[in-house]
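Here it is, the structure in full.
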């Protein structure tokens, strides 16, 4: 009964991409640890680029410099 | 000083239901562990059904099949 | 399919108390939101008092003053 | 490579205040533990006052009483 | 710069299995979303079976019944 | 009433360093957002280097290469 939380920046992730992440992680846990997909939870959080910092600055700022 | 995080799918949870969850969890921690309500935090996250996976697929898809 | 995370200080919580927290939270989610217990997860984290701060200081220090 | 998650109520935090939180936490981890800013993540979650409980009630209610 | 948290019960996960989970999730995020592995974090939490509840009871109890 | 969670690798963080992190973060939230220290929680998680991945591999492995 694994629980997986994926956090990514909110930059246009599509429903189809989310579906692939959910299927992929669930399959990985079944393959590596034999976990039952029926009780595997995957929760995706999309975080505003103003609210995500790396290297001491907001991702918004980095994106504006093309990073 | 407990901290409780409740994650549910974003499917029309009302303010009154949230109030009942907060009151109920706080009371449970007071009853079972003697924790002081004044420093008990409860945070409720409502997650889009596209962003919650179970059994390898999105809740959105399951809902469309009446699950 | 709710997910609940309860964090408390690691100060002798018994297995029986954990069982009561799990049963109580699961029942609360069933009662308030009609959530299915079969897919309700509850995870309890016990945190060392050195690693929990409130009011800018470690709980360990507060306990040593009888708080 | 620290990971820091800051949760505050959603009550008008500005982009500039978020930038200061990110810079401040990153600097603190560098100063106290020698952690490399380049791999320090800071994620800020702003939580609706209906979804945050303290002392068994919603922050929304407390704010309405001037607390 | 994704952040992934995987929670599983503490039941003998090996270092090699952890390595496969980390490599697999990192690769999935690169493939599906084009995320840079250099800034992809994966954190695995192993949770005592007394501290994980499902269906209102501790996993410890379920394991004792062969579930 | 902020909640802050700091995750770092478990590599000999001292009680005194934890105290400085707790005091520093609490002070930052008071300074930047005017948050009351009395209801500011800081929780530090120390994560085994086998359980933390970056760039697709365990920190344990990176440390063995002097990274």
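We call the chains A, B, C, D, E and F, going by the order they appear; numbering starts again at 1 in every chain.
Note that in this section a residue touches a chain if its C-beta (ideal position, glycine included) is under 8 Å from a C-beta of that chain, and two chains touch if they have at least 3 such contacts.
Everything quoted here is computed from the prediction, not taken from an experiment.
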{"item": "Chain pair with more C-beta contacts, C-E versus A-C", "value": "C-E"}
{"item": "Subunit B-subunit E separation of Cα centroids, rounded to whole Å", "value": "21"}
{"item": "Mean-CA-position distance for subunit C and subunit B (Å)", "value": "14"}
{"item": "Subunit A residues counted as touching two or more neighbouring chains", "value": "1, 3, 7, 21, 25, 39, 41, 43, 52, 54"}
{"item": "Interchain contacts (touch definition) - all pairs", "value": "A-B, A-C, A-D, A-E, B-C, B-D, B-F, C-E, C-F, D-E, D-F, E-F"}
{"item": "Contacting residues of subunit F [partner subunit D, same complex]", "value": "1-9, 13, 17, 20-21, 24-25, 28-29, 32-33, 35, 39, 52, 54, 59"}
{"item": "Complex contact set, residues of subunit E against subunit D", "value": "1, 3, 39, 41, 43"}
{"item": "Subunit D to subunit B touching residues, read off their complex", "value": "7, 47, 50-58, 60-61"}
{"item": "Complex interface listing, subunit B residues touching subunit D", "value": "15, 18-19, 21-23, 25-27, 37-46"}
